[in-house]
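What follows is subunit A paired twice: with subunit B in the first complex and subunit C in the second.
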Partner chain A sequence: MAVIRDVIPTFELFQPVTIEDALALLARHGAEAWVLAGGLDSFDWFADRIKRPAAVIDLSQIKELSEVRSVGDGLEIGAMTTLTEVVRHPIVREKYGLLPEAAEAVASPQIRNQGTIGGNVSQDARCWYYRAGWPCYRAGGNICYADTPTGMNREHAILDADRCVAVNPSDTAPALIVLDAKMVIRTPRGERVVNAEDYFIGPGTDITRMTILRPGDLLTAIRIPSTWAGAQFYFEKVRDRNVWDFALVNVASAMVTSGGKIERLRLAMNGVAAHPLRLKTVETAVLGKPRNEETAEFAGKLAIQGAKPLQSNGYKVPLMRNLVKRAIRGVVGEEAA
Partner chain B sequence: MNFIQWALNPWGERIPIHVSWDLLWASAIAGVLFLIVHAIYVGYWAKPVAESQNDSKLAAAAARVPERVARHSFGARTFHWVMAASMFVLLFTAFLPKVGVRFSWVTIHWVAGIVLTISVLYHIIHATFWLDFWSIWPDKQDVADASRRFQRALGRATPPLKKFGKYPLENKLFHLSVLFAGLAVIFTGLFMMFRVRTPFFTRNPYLFGDMTWGVMYVLHGLAGVGFVALITAHIYLAVRPEKFFLTKSMIFGWISRGKYLEHHDPERWPVDEGVPEAGQSKAPEVVI
Partner chain C sequence: MSDNELADPRISAEKSVSRRNFIKIVIASGAVSSTSYLFRVSIPLAQASAPGAVERLITLTVNGQQRRVDVMKQETLAMTLRYKLGLTGTKIGCDRAECGACTVLIDDVPHYSCSMLTHTVRGKKIVTIEGLAGADGKLHPVQQGVIDEQGFQCAFCMPGFVMATVGFLKTNPNPTRAELAQGISGNLCRCQDYDKILTAMMRGAENMRKA
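Right after this comes the complex of A and B.
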């Protein structure tokens, strides 16, 4: 299929200055509307002429979406806050160090200056068959080209695949799940707040979407409670090119220890499943266990239970196991230091 | 409205990929329209069926008819309800996601499909070798009577009508429709299982070419949306007061002597034995 990368198709551009105006525009244009945040995912689609929305709603002029403010016992980060702002925000750095670490691992400095946290968690799958515009399941068709005997699936899922084997590409998503973040969504029926973990959906639930957002919905903010503030965090991203690439696999964890034993743990990964994966089984299994090599080894082995690698991504199984081990051990290392 | 969704495959060929999901609504509306038209027809135009049997013949037949006439054996009833349950699961898992109810449906769908397939296989073997295979197929008498009924509804005089055999014509036509739609979803569904991960087959999305797969998906979809109308009509007919005794027979296995003599022709559905209070019928039957 020819891919044209010179002129993007025409669309009607709207730049609302309030959330209400944006919602009204989304309601007016329905499924024909496209929400534009930083544009780093959107313009790829437009340039390749695969997505051709009639109306693009650019959120860049809505100031209230770009604020980081204290709410209750935590923080609220506007969805249009850039990744660089997240990385540099003093309170975020002080209390929720996991998030800036994950945000700083996203792409390049230029992209982080433009890319937003809302866009990072809402971006589409990066499977090249899908991005090339082929009629795969995710594009509404009836086949997964990546999950075929000759498919190029080195970057694809080893867990929780359901027809489509594409993975979620976000680096901040596992960090937000670990921090027990809440996603604030404005819908035509009012405000809805969902756990970050429930914001992401797999292909079994809806094969054409990565998140629960429906046409007309808008992610406005991400609230981070103090539940894990000051905990011992670990984030690691493994990618082909360390200067600028999507994660092959990433891991985020938050741990609270007491008397040398794991008292509380949250662990999430991305790049291994079609959605960011919280490893609840591992979290539960290691509670009360000492933080040592043996526990890390046990956690790593447990994490990969049920993994079904495709023909080219078998390496993700030991990678996942080792990252989980390091997430446990890394925290131990920090404690010891 | 497009009836089929088309796409370009990686080789630039135009291939069908699905039916248009608008057909789901078209099918649902067709089902509702059927019940409205049927209710109006029965209420205002349909004429009572004239007695076609001579009294002595009827009396002779009636004398042999037991109080409870066996209609559906336990095995046949079990098949019907297993098939019904699997069909509902299939329809809900197929179409609820299309109308916005999101859940992980694929595994539930193919498991229900397997249940449906096994139950239909059982039914085919059972009906072919143990039941009166031809009793469910429309015959010349059904066609002649249908024509006469229609003419009567238009106010024209016709020769006397015969009563039904074991199954009314509506039953037979429904069975025929379900046969075609059911076999279509089963055959295509079994092949479509090669596209998903199941314990039964090694996944092979290249088993057929894109066009063949596309036709398969379209057939599966057409039969699927067709079932929405068929099931709507079936449930409506099942709860109609004058047909409710047939529905009860699908639960209890028998109809009363009175209903038998009122609606059925002993020549077309001869009954020589009844059903014990809690027993099983050996009478020939086909279940839909």
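Right after this comes the complex of A and C.
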């Protein structure tokens, strides 16, 4: 725990007003640079002296990063748009109701007033061994303290872990994957657009990073195409307390049905795997099936195939199964209502 | 920093000048020393021309007043308010965005002042608990609600709760009890006095609508 009334160790602060200046500063300071969005993940690292960047590049003064624009038939949400702004945005609410539901489930009102959507999808893992500065795999060491016989791993992954068993803590990540969002990234070599699904990486790809962003890269916007506009959405976040807590498990889905049968489905979860997980097997397996209890049951069982719980997170297996069931059935229930 | 820089030409000058001129120089450099705080200002200003660099001396708008303050780069708003501007009504509880005791309004929106850099609120309107009451000392309707209902036990969390409520009521002036509970759910009370607090805040909302 941080020492109360302690001061964050010194760093050089930059507040560029254009993306170009921000990129130039990132290039100049290289590995010593830290990108600051809302700061709610960053300040814990700084105050605890676990991460000590020499140069903090605060994006808060770059106006174009906090705009929501209509592009083509979709929307482009600037990376510095706060979660509260996302929740309140009329077009987002009208067409992509899944996203405001997920954004509103994040932390507390004050945190949503300051935390940004770009920060929410780029935040670091919450594993307490890692956050407390233990020299684990993710921190460059050669052990995972959570995955040991006495490890505290109630919140950790049951799928796709590779040495590190931490999960991605984002609530908006599964919603963006379901909406087929595109992440707009500025790199020193130009602009790059990647699918939300590919933005997040697991420890098998690079154990020290949560996203494909490399030092010097900047997430500038998130584009939401009209692919799933107006679909039937389902979002549920299970956590210990109703406010502040990160998800134990969350689920997001979008469904289009016709004649009582599932025509299109996208399903993603967070908190179960070492990265936000799209359940493609379930998506294809239920296509054309009627929306009913039987299909939901089948989907739930299919979802948990291959799950490997640790000592203290076995409850995540039935939780995952039931949330998938509810995502399939809940969408049906909402339409019937 | 500037002391050495200013001292060097003086020393080198002493060696090659007459006694009269030496005295003149001593007098002049005394004047320079006494105004050296001006030079300290001008040096960061020169650095600020680099893109994105920040100045140390900034002006904040706090409770309707322009306050000039010398701010470290890594300084949080809660620190500036309490230890530089003497506004100790804003409390620091957890100092890491987990308790809400430090809540202030930035452009009418509640924020945890412990978890934002003071440099990010330049040019914004900051309101703390000290800025709620009228110039004549008349309490804000939400503060009056606290008194009417004896809303708090120890009240360490009160400034944060009041600021969160005032901010929430700007977006929803007529909330249900459940809506208000959700709206101020970013604040904790260790006395577990939530029921009384909610009653007081609901009374505050009512007072505001009447006012």
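To be clear about the criterion, the second predicted complex is superposed on the first by the 332 of 337 C-alpha atoms of A that agree within 3 Å, B and C clash if a C-alpha of one lies under 4 Å from a C-alpha of the other, contacts with A are read in each partner's own complex, and residues count from 1 in each chain.
Definition applied: a residue touches a chain if its C-beta (ideal position, glycine included) is under 8 Å from a C-beta of that chain, and two chains touch if they have at least 3 such contacts.
Since this is a predicted model, take the numbers as computed values, not measurements.
Asks: Should subunit B and subunit C be called a clash or a fit once both complexes are overlaid on subunit A?
Replies: Overlaying the two structures gives subunit B and subunit C room side by side.
Asks: With both complexes superposed on chain A, which partner does A:I201 reach: first (subunit B), second (subunit C), both or neither?
Replies: first
Asks: Does subunit B (first) or subunit C (second) touch A:D58, or do both, or does neither?
Replies: In the superposition, A:D58 contacts subunit C only.
Asks: Report the partner of subunit A that touches more of its residues: subunit B or subunit C.
Replies: C
Asks: Determine, under the contact definition given at the top, whether A:A24 touches first (subunit B), second (subunit C), both, or neither.
Replies: A:A24 contacts subunit C only, not subunit B.
Asks: If you take every C-alpha pair with one atom in subunit B and one in subunit C, what is the shortest distance in Å after superposing?
Replies: 23
Asks: Under the contact definition given at the top, report the residues of subunit A touching subunit B in one complex and subunit C in the other.
Replies: Dual-contact residues (subunit A): none.
Asks: What residues on subunit B touch subunit A, complex-wise?
Replies: Per the stated touch rule, the residues are 5, 7-10, 12, 15, 17-18, 97, 100, 102-107, 195-197, 203-206, 210, 213-214, 217.
Asks: Give the list of subunit A residues in touch with subunit C in this complex.
Replies: Touching subunit C from subunit A are residues 2, 4-18, 21-22, 24-25, 36, 39-40, 43-44, 46-47, 56-58, 60-61, 84, 107-111, 113-114, 242-244.
Asks: Which of the residues in subunit C end up touching subunit A in this complex?
Replies: 51-54, 72-76, 79, 92, 94-98, 100, 103, 109-112, 115-117, 119-120, 164, 168, 182-186
Asks: Can you tell me which positions in subunit A touch subunit B when the two form their complex?
Replies: The touching residues are 1, 134-135, 139-145, 147-149, 161-163, 201-202, 204-206, 212, 214, 308.
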